[in-house]
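Presented below are the structures under discussion, each in the form of structure tokens.
Each of the next two complexes has chain A plus one more chain, namely chain B in the first and chain C in the second.
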Partner chain A sequence: MMLKAAFQYSYINAKIRSLKSMLLKRIDYENMSRISGYEGLVECLKRTSFALKWKNYQPSFDGLIQMYYEDLFSSYDKVIEMLSGNRKKLIQHLYQKYEMENLKVILRIISSEKSNKKLTGKSRYLLSLKKKTASFSAKDLLKAKNVDEIIYLLQGTWYGEPLKHSLYRFALEKETFPLEMALDLFYYKRLWQHISSLSYRERKIAQNLLGVQYDILNIFWIFRFKKMFYFSPEEILNYSLMHGKYLSANRRLKLAYSVDYNDMLNNLIGTPYKELLAYSDDPEICYRKLLSYKLSLARKNWQGFPFQIGTILDYLVFKEIEIRDLISLTEANRLSLSFDKVKDYFIYNHYAENSESTN
Partner chain B sequence: MKFSFVSSKLLPAVLISLVTISLFMTFLIFVSKAYSTDTISHTETTSRQSTNPEAIKWGFFSAALAIGASTIGAAIAVGLVGSSAMGAMSERPEMAGRALIFVGLAEGIAIYGLIVAIMILGKI
Partner chain C sequence: MFRPAKMAKIDLQVPQDYIAKTTSIISSLKILHLMNIRKTRVGELDLESEADSNLLRKYSELKERLEKIFRVLDIKENNQLSETYPYQQDDVNPQKDFSVIEKTVQQLEGEIFSFIKAIESPEKAKAEKENLLRQLEIFSQIKIDLNLFCDCKFLYAASGFIPSDNIGRLELSLSNIYHLYIPSTTFSKRRLIFVFGSRKDKEKIEKALKSAYFEKIEIPHYDHAHDINFEILKGKIKKLEMENRLAGTRLEKLRNGVEKKLADLNRKVKQSLTLLEIGKSFDKVGDTYHISGWIPQKVTPTLKKKVLEVTDQQSIVSVSIPNGDRKYREKFTKIPTCFQNPAFFRPFEKLVSEYAIPSYHEVEPTVFFALSFLLMFGVMFGDIGHGFILFIGGLLTLKKSKKENIRDIGLIIMECGFMSTFFGFLYGSIFGFEHIIPPLWFNPMENISYFMKVTIVFGIIVISIGLILNIINSIMNSDYKTGIFGEFGIMGLIFYWGCIGLAIIYLATGKFQANFGYIFLILFLPLLIIFFKEPLFNLYTRIIHKRNLSVFPENIGIYLLESFIEVNDIVIGFLSNTVSFIRISAFALAHAGLFLAVFALANTLQDLKGGILWYWIIMILGNMGIIVIESVIVTIQTIRLEYYEFFGKFFKGGGEIYKPVKI
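Right, the complex of A and B next:
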């Protein structure tokens, strides 16, 4: 069994470990958090693996963010190329999250347009995904006159179905929120189906890590819907994800009906999330605390048996969190904010705090 | 995909065969040695032990098995180490030198078999 796994994953494991060795180190983050201005940030990045990717980008903060995302997408591409069968489909679906984010931006642009104004420059809000793996052409969608036309153009892809089902809510509310939530819920439903199609051993590993992502989203959404949108518990339940690692249907029900933040925390007793959320009731900081837990889980898995799908999923978690932190750093730099003011927004910082407190 | 199919279906069979062959080969080496010594003591022709046809037959057979089994083992090892080395080198070409050392170590398994085969052939 072990030799079979070693045969299947020898190339993948070695390549993933090489890719992991090129991620930013803690010292890189510390150096970058000390400097100010675009030039300083560029100098720091030139001492990392980003130095090789430098030539093709505009010398601006937006150019940097574009470069980070392209680096992330090229990592996804490398991983997808190595795999086959159900594992490949799972990672491709994970990658489609970014395509879905683009679609949400397009929906917002199209639905906010009162008249048929010029569309030039709007593509700057979109992530530059690789064309060869794209399910739809963003350029074509941006030319659409309304959401119905977008749904028509998305025929043949999985995006069309959830949008069609939520169209009546969109017509009533005149906001893209129901469309975006329908996309999210359908995306995560499909993701769980992809996880379920893996072999028993790999399914357990994937559910262990990605199940935490479901829990995080459920907590974050419930928290936000209560605090900012004042939704009814029934509506909150309607907008929650069906699966997860620690949050059972009963616990989700209790969370939806909780009266305040402390009640929510009490309903999380017995899960690792209670302790993480006890320090702040700011949704953004809570979200980052939860992501830092996901990072610590990925790091723990990384030290285990190497010839399994967890190695790939762990690396993708590391890479996504690296890009997220880099964007936070770049934006802080653009706004000339001191590190002390923004340190709570860095996931690696929360992770460092958590790992120090547990040691 | 094809590779993983082959490995998943045939690997257990290959492994069991390898273990069986190795055990059988060890058994043969000892049996052939004991048999030849026994024959020699009976006929009292110590200088002509290699002319015993049975000992020669089993000796050649053992040498062939030693080479064959160790080569299969080395092939498996090189397959694993080589693909890992390619994976590492595809992202970090500077690792080529270090990776090749490990491929060489795996290749050494075949050489051990060759040495054992030469030792067997030297006895007959």
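Right, the complex of A and C next:
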């Protein structure tokens, strides 16, 4: 069994480790957090693996963010290229999360289109995904007259089904929330199906890490729906994910019916999340705390047996959090905010400690 | 043919009143390669670029509005433009035309969109009725008395569809509420459900249902049997259908009425946009525009004449030829490279450009590339039958395709097919049968050693041409260091030919009969000069140009080590580059080898029942396979030899392709 895994993963493991060695180091984050101004940030980045990406990049803050995403997508592409079968399908689906985010932006643009001017302006929020891996053409969707036409154009992709089922609500409410929520729920349902199609050993590994992601989203959503949208417990339960690592159906039910934040924390007893959320009731801060937990979990997995799917998933967690932190740093720089004011927004402290010892 | 077309730099000074007409004439002539004004001497003065960005934005918006109208009316804009309304060069003036175009577009929008809105309402009503009919048909299948369901007075009751995926979530969300949930049949991944609960929990249940994407069916109260109501509904749908059909005819009429107008507007908007985009490369001093660019020298008078004509002789046109002060000019801009090759070599320009764009001051290698490419392809793929098929395939592609790139590929295939046929005659090979036609030269499989020698001689010729072209390029660019002392310069050539001379003597006599003088002069001395090229060149510069240069570089140890490695690399490089050409004969032999396999398989199957049929099936499939596989492999190998063994010797590139501005 071990020999088979070593054979299957020898190349993948070597490549993933070489990709990981290109991630930013603690010193890079420290340098970037000390500087102010766009030029300084660019100079810092040019001393990292991002120096290789400098050819086609537009010199602006937006250009930098675009470049970070392109780097993330190229990492996904490299990982996908190495894989085959169900593992490849799983990672491709993870990658489609960004395509789904683009679709959400398009839906917002089309449903709120008042003038062509606005449309052109908003389409800059689209992520530039590679055409060869795309399920749809954003350019074609942006030409659609209405959401019905978008659904028609998405026939044959998995996006069509949830949108079709939520069109009834969109017609009544004239808001994209039901469409977006339906996409999210369907996306995570399919993701779990992809995880379930792996072999028993790999399924357990993937459920262990990605199950935490489901828990994080469920906690974050329940928290936000309660605190900011004042949804009823019944609605909250219908907008939650069915799977996860620690959050069973019963625990989700209790969380949805929690009367306040302390009650929520009590309902998380027995999970690692209670300790993490004890310090603040700000949803954003809580989300970062939960992400840092996911990061530490990935870090722990990274040190284990290398010839398994966890290596790939861990690397993608590292990469996504790197991009998230870089965007936070760039935005802080754009707004000329001092590092002390924004340091809570970064997860790199946890990350850097991990990366230095494992590289 | 061996050099890019001679270019001239043209500077136009045009009064503001004539700029629209001038831009229009420049675009229609399609001969001026515009220079970015920032890269010229005028640009160095830091004058403001004259792009009317506000007008450009307004025209972009107009273009989008027109696109929307085209979409709504389902008209294909491009076809209308090119076929019905050919380009008229002097009727576009973006500044003057804008208000008229904008007003017309606004009028059209009002007319079209109000009409579309009017015809949408019966369409929507029809869709609603059809939906209701579908739902009632489902209820009729499950035999429920809908009137009883609607008559619930003390209970909250709801029926409708829910995505099957959401059932688990809905059950969980209702678990704290007293309710009755009855799932029924499933239709296209949606489950029909009935939910009952206390009226006091109505709000909670409705919220739960809504968030589970429950699509409620509003059941109308019927006094009669279902079938009668179905008939009424079907009648209404039919009536709405008639209305829609009528609206469709009216839409067609409207479309025909505005089509011409729309196409004309679209043409004007697109031309204005192009003119405004071109305007970004202009500069303005006072009321005078400054336009700079490159054009082939031979068409300079045409442009000059036309510009003076449209500006009523009010503009200044100055032409300068880049020659003596070339280096000074290139500080500001690159002179674009305009290929000028005969039509049958033109498709190869793209293959050359894939490696690099030739610079204006070097030999343009397309002809050498094309000739050696075709020759190598023919040698590797010599077969009369296959060549003929390739020729016909290429000819059909060339004739049938409208796309320039595909036509170019067709021409290359055609030429490759011709060379294949030619070498097929030389080898006496037709569809792999080598004993039907006598070879005009030799049979590759029977003369393997001879064939290899021929290809090595071919390689020596190709490499020598590469070295000679490098010497010519270096002299043309006054780069004597590379031309004389470089590894691919005169010293490299003497060394290479010296080695070949030695090899010829050895092959002819079986002994190394060279004396020490020969070896020293022809082999050792050139390598020694290459080894010390840096100090020698510095010495030359000191003596001839009287510059105070130190002869040896600062770190002499590293220099000597690098030179030692370089000289070793030259010796190994020349040997491996020459031997590399053996692959030509190897692939020609592989061609014959593949046929051996096809014949062996065909002969084996011949003994089965219906053997003759099997024999020919294998022969046809085998030939098809060989044509496809070998064409690809031979093309790849040929390009590899061209790029690495030939271009690597002399071709530096770094040029800019000549792209005349056009609408």
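The working rule: the second predicted complex is superposed on the first by the 339 of 359 C-alpha atoms of A that agree within 3 Å, B and C clash if a C-alpha of one lies under 4 Å from a C-alpha of the other, contacts with A are read in each partner's own complex, and residues count from 1 in each chain.
Basically, contacts are C-beta pairs under 8 Å (C-beta built on N, C-alpha and C of every residue); 3 or more make two chains touch, one makes a residue touch a chain.
Keep in mind that this is a model prediction, so the values were computed, not measured.
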| item | value |
| --- | --- |
| Partner chain(s) touched by A:V342 [first = chain B, second = chain C, both, neither] | neither |
| Chain A residues touched by each partner, larger count belonging to chain B or chain C | C |
| Touching partner for A:Y11 - first (chain B), second (chain C), both, neither | first |
| Chain B versus chain C as contact partner of A:S84, first or second or both or neither | first |
| Touched partner set for A:M22, first chain B, second chain C, both or neither | first |
| Touching residues on chain A, where the partner in the complex is chain B | 3-4, 6-8, 10-19, 21-22, 84-85 |
| Chain C partner contacts - residues on chain A that touch it in the complex | 116-117, 119-120, 143, 145, 161-162, 165-166, 168-169, 178, 182, 185-186, 189, 231-235, 237-240, 242, 249, 252-253, 256-257 |
| Chain B to chain A touching residues, read off their complex | 1, 3-4, 7-8, 11, 15, 79-81, 83-88, 90-92, 95 |
| Sites on chain C touched by chain A in the complex | 60-61, 64-65, 67-68, 71-72, 163, 165-166, 168-170, 172-177, 189-190, 204-205, 207-208, 210-213, 215 |
